[in-house]
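Presented sequentially are two complexes of subunit A, the first with subunit B as partner and the second with subunit C.
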Partner chain A sequence: MGERTVPGPAAALELRGVTAGYDRRAPVLRDVSLAVGAGEAVGLLGPSGCGKSTLARVSALLHRPYAGTVLLGGEEARGWRHRAPRAQRTAVGVVFQQPRLAADPRLTLAALLAEPLRATGRTDGIPARTAELAEEVGLGPELLGRRPHEVSDGQLQRACLARALVLRPRVLVCDEMTAMLDASTTAALVAVVERYRAGSGAALLAVGHDRVLLDRWCDRTVHYADLVSGAVTPGRRAPADTPAG
Partner chain B sequence: MSERTLLSVRDLSVRFRMRGGGEVAAVTGASFDLAPGECLALVGESGCGKSVLASALLGLLPGNARAAGRARLRTGEGTGAGGCDEDGIDLLGADERTLARTVRGRRVGLVPQSPAAHLTPVRSVRSQLAETVRELTGKRGTELADATLAAAERAAFPADHLDRYPHQLSGGLAQRAATALALVAQAPLLLADEPTTGLDRDLVDRTVDELRRHTDDGHGLLLITHDLAAAERVADRVAVMYAGRIVELAPAESFFRRAGPRHPYARGLLDALPERAFTPIPGMPPELGDLPEGCAFAPRCARATDVCATVPPLRERVACHHPYEGSE
Partner chain C sequence: MRIPLLPALSARTVRVRVSVGLVAAVAGAVLLVPLLFPLDEQAVDMANKLHPPSWAHLFGTDDLGRDVLLRSVYGLRVSLLVGVVAALTATVIGTAVGAAAGASGGRVDRLVMRVVDVFSSVPHLLLGIFIVAMFRPGVWPVVISVGLTHWLSTARIVRAEVLSLRSRPYIDAAISGGASRWRVGVRHLLPGVLPQAGLAAVLMVPHAIWHESALSFLGLGLPTHRASLGNMIQDARGTLLAGDWWPTLFPGLFIIVPTLAIAGLAGVWRERINPRRRSELML
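For the complex of A and B:
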C-alpha cells in the first residue's frame, strides 16, 4: 500500500525502525515504521495479539523500545514513562480499550478528568476546563460526582476520553477505544475526537480491528503487517467484514 | 405454552433495592418465547438490563434483587418438586437446590462474557473439562477421558491444546474452551452473555458461527450482545432492550434488511453503525433508578409528542406510540 513513504519532517508522530516487546529474544514489534502527518488521522488495523497495543504504548511514550526512534513533531523522544520530558509526555493523549482498568476507582469522574491538570500543576483552570470538557463528552454534573463503579462502561470511557483531551494534546492515540461500547456510544465518542481534531489540528492514531469503523473514521487505514520493514505484502488487508447474507 | 416453545418468559421484572431506600428497575415486563433451533439476539446499550435478565433466568441475581413474572423452561418431564411440573420448570420460582442440581449447566448452558475470567487459571483445560463431565454425567476412568475428548471436539477445541492452561490460549481458543464447558450436558437452552466482547472481527464471526452451529443442532440460543453485526449474522429474531424494557421484537430479516427497525431507538442504534450514518443517538440512556414517567426513550426521541408521557405497550412487536412504518 506504500504506507511507508515518510511525510515532511513535521510529522506529528513518527516511528522509525522500532523494535519493542517484553522479552528481548522475542520482541513483539520488529523494525516497525509508521508516520502520522500533522492533522492526519491514521487507522491501524490488525488481529488480536499482533502487537497493535504495544505500538500504541510506544507511540505514547509509555513503553521503551529496544531499538529505533520515536519522533513527536519531528523531535526525538528523549525518555519513556515517568522519565519522558513533560512537554513530550503531555503532547500525546491516550485512550485505552478498557476504561475500568484505566481509571482509579477512588476518584470521582470529575477528579479523574482533571487529574492531568493537577499532575502538571495547572490547578487554576480546573473548574472551567472540567465543565467545558464534561459538556463536550456529554457527562452531566450528577455523573461527574460519581466513582467508576457507579457508572457504565460507556460513561466511564467518556470520562477517559475527556481526560486524554484535557491537556490539549497534539497527538491522540486511541487503542481500541470503542471495542467495549455499543454503536451509539461509539459514534458519539468518535464525534468528540473529530470535533477536537477539527478545532486543534491534532493528529490521530486509532488502533483497532474493525475495518469498517477505521475506514469511516480515519483519512487512511494501514494494516499492521505492512508496517514491518522488508515485509513484502503489498495491499495486504484484513478479511473484509461483510455482513452475512 | 406451545409444543414448540423451549423457553417462555412472561412479564419478567427485576428490581434492585438500594441502600437509602431507592429502587432500580433493571428489567420491566419482558416477554418472549424461544424455540429449539432458534437464536434470539437480545441487543441494547450497556446498562440496559440485558445481563440482569440473563442472571434472572439462571437464578444468579444478587441478594438485593427481586424477580417477578414467569420464565418457564420446557423439560418434557415433571418431577413435581421444586417448581417443576409436567409443563417444565419455572426458573424464577425454583429453589436454589433445583437450580443448582437440575438447571445450571444441565438444562441451561452459560457461554460467559469473558472466557479468560471464567476458566480456572491454575488448571489445564483438560482437567476443568473432565471435572465438568464427571459432575454432569457421572462418567469415570477411560469413559471419562473419552467423553472429555468428545466434549472438546463438540466445541471445536483442538485436542492437542487440552493440556494447556488458560493463559496459554488465544482469545478464540479460550472462548471455545468455555463453550465446550457450556455444552457438556447438551443443555437444551444456551445462554450466551456478550460472548464476543473484545474479540476481533474474524474471531467474532467464528465464535457466533459456532454458536449458530449448536443452535442448528437443536439448542435454543439466547444471545445477549451489543454487537449488532454479530446479531445480524446469526439471529433469527432480535429483541431490542432499552432502559429495562423490550421495545421491539422482530424477525432479524426484516429488522436488519427489509423494512428496518420500527422503534426510533432501534433505528437510531442501527444508524449509529459506521457502515450506515455513523451518527449517535443524542443524549444518554436514563438511570434505571430514576426512569422518566412514560416512554423512557422520549427525552432522546425526535418523534416524541404529549402521548409519550404514557408507557407504550408492546403491540405488533413494537412498544412505541409513533413507530416507523415499513415504507419510511
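For the complex of A and C:
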C-alpha cells in the first residue's frame, strides 16, 4: 500500500491490502491491492490456481477476506455475502467461469435472467426488460423457455451475462467468462460487455489467462504477481500500452 | 416361429408397473372395501372361529370368528394412515431442521447437529415407546411417536444436501443479484433438496408401518379391539403355535407386500435423482 495515487474521482472498485483464502494459515491472496477507475477496463492475468477467482469473489463481496478493505465508488464495503447491504451487492455484476454451475438447473433462462429483478422487488416490466436483454445478448425467444440442460454452454453463458447486467451494475467482474467458449461466442460476449460499458460508463475487471484477449479487450492489463503489496498504482483511463508482467 | 405375446419390457419398466399396480390395488382396497362392503370388521362369531381359508372366508377366520380378510383391509387402513401421516410429519420436521442447520452453518449448525446426535444415540423404538406411554392408546399417539422419532435421518440427508448446494456458484450469483437469505433458501435451496427429502419420506412410509405394527405388537399401540396389522399378529401368536397359520400369515403379507411395492417405487425414484445420472443428462 503506501504511495497510492488516485487521480480524479474515487475508483469504481478498489481493493486495499486484501488477504483472503480458505485457510487462515495459508491464504490464497496476500496483501493485494488493485484499483479500477470509473469507466476503466482492467484485465487481470495470472496462471491457474493463483487466486484470481478468489480476488473476483472478494471484489463482488461474495467472499470475506481475512484482512484489507474493498471500496465501491469510494465507499467501504460494509459486509460480505448476505451481510453486505443490497445496494452494494448489486452494484457489482459477476459472470462466472462455468455457466453450468452458475445457473440454477431448475429455472428457465427467462426466470434466470429475471431473478435479480424479482429478488430486489423490481417486478414492474419484467417481460419487457427480459426480452430487451435477451435480444442484446443474442438469445432467441425460443431459448428463453428452456432450462439450462437444454441449451449449450455458450447460450447459457449469454444468459448468465444478461443476468449480471439486468440490475445495471456500476462494476462488472468477469471471472474467466470466455474460458470455455469458442472464438465467435467470445467475440459476441465481449461485444455485449463493451456496448454495456459504452452506454453506462461501468467499470470492468476481466479476470483470465488469455493475454491476447485481455490486451485487446481492456484499457490496461495487470499481472497477478504485480498486485502483491501495492505494486500497482491505479490510473484513470490509462493507455493500453502498459501490459504488465 | 415365436410370436411375442407381450412387447419386450425392460426390467425397470416391469418393476415400475408391478409396484404401481400393487400400490394402486392397496389404495383401492383401503378406500373402497369399507364403502362397498359395509360389514363390521369387529363382529365376533364364536361359532365360526379359526376356520381355515374357504370360499366364505377367503383368508379364514381368527380365534373370535372374525373375517381375517376384512380385518386385514381395515388394519392396513390404519397402518397406512399412521405410515403416511407419520412419514410426512417426520419429513417436514427433518427438512426444516436440516435446512436451517445447513443454511445457517457455523455454530448453529454444530449445535443442532449435536442435538440430532443425542437423539440418534437413543434407540428410537425405546423413545417411541416413551412417547406413546404418555398418552391414552389411540391412532394419534402412535403417529406422534413415530413422527417425532424419525426426522433425524431426514435432517441429516437434507443438511448434507444443503451444504453441498450452498457452495455452488449459482448461490453466489443469487446473492450478488440481491437475493435475501430467505429468498435463497426458498427459491434455490429448498427446491434443490426436495427430491432427496421426498425420497426419504417415501422410504419412511413402510418403516412407519412397521413401527405401528411393532408398537401394537408390544401392546402399546392401538386399543386391542381395533383392527391393526400389529394387533392382529399379536393376537394370532397363540393360535400359530397350534398350527393355525392363516391369522398370522395374511396380516403379515399385508405388511410386506405394500412395503415392497413402495420400496420398489422409491428405488426407481432414487435412480432418477442419482447425481451421476442427473449430470449425464445435463452435460
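Here is the rule we go by: the second predicted complex is superposed on the first by the 220 of 245 C-alpha atoms of A that agree within 3 Å, B and C clash if a C-alpha of one lies under 4 Å from a C-alpha of the other, contacts with A are read in each partner's own complex, and residues count from 1 in each chain.
In this section, a residue touches a chain if its C-beta (ideal position, glycine included) is under 8 Å from a C-beta of that chain, and two chains touch if they have at least 3 such contacts.
Keep in mind that this is a model prediction, so the values were computed, not measured.
In the superposed model, A:P148 lies in contact with subunit C only, and not with subunit B. In the superposition on chain A, A:A131 makes contact with neither subunit B nor subunit C.
In the superposition on chain A, A:V228 contacts neither subunit B nor subunit C. In the superposition on chain A, A:L71 makes contact with neither subunit B nor subunit C. Of the two partner chains, subunit C is the only one touched by A:F96; subunit B is not. Of the two partner chains placed by superposition, only subunit C is touched by A:L62; subunit B is not. When the two complexes are laid over each other on chain A, subunit A has no residue in contact with both subunit B and subunit C.
Looking at the complex, you find that subunit C touches subunit A at residues 168-170, 172-181, 183-184, 187-188, 191-192, 281-283.
Of all the residues in subunit A, the ones that touch subunit C in their complex are 57, 60-62, 81-82, 86, 89-90, 92-94, 96, 98, 100-106, 115-116, 119-120, 148-149, 160, 163-164, 166-167.
Residue ranges on subunit A touching subunit B, taken from their complex, read 47-49, 97, 138, 152-155, 179-188, 190-191, 209-213, 215-217, 238-239, 241, 243-245.
If you check the complex, the residues on subunit B that touch subunit A are 44-47, 170-171, 197-203, 226, 228-229, 232-234, 256-257, 268-270, 272-275, 278-281, 283-284.
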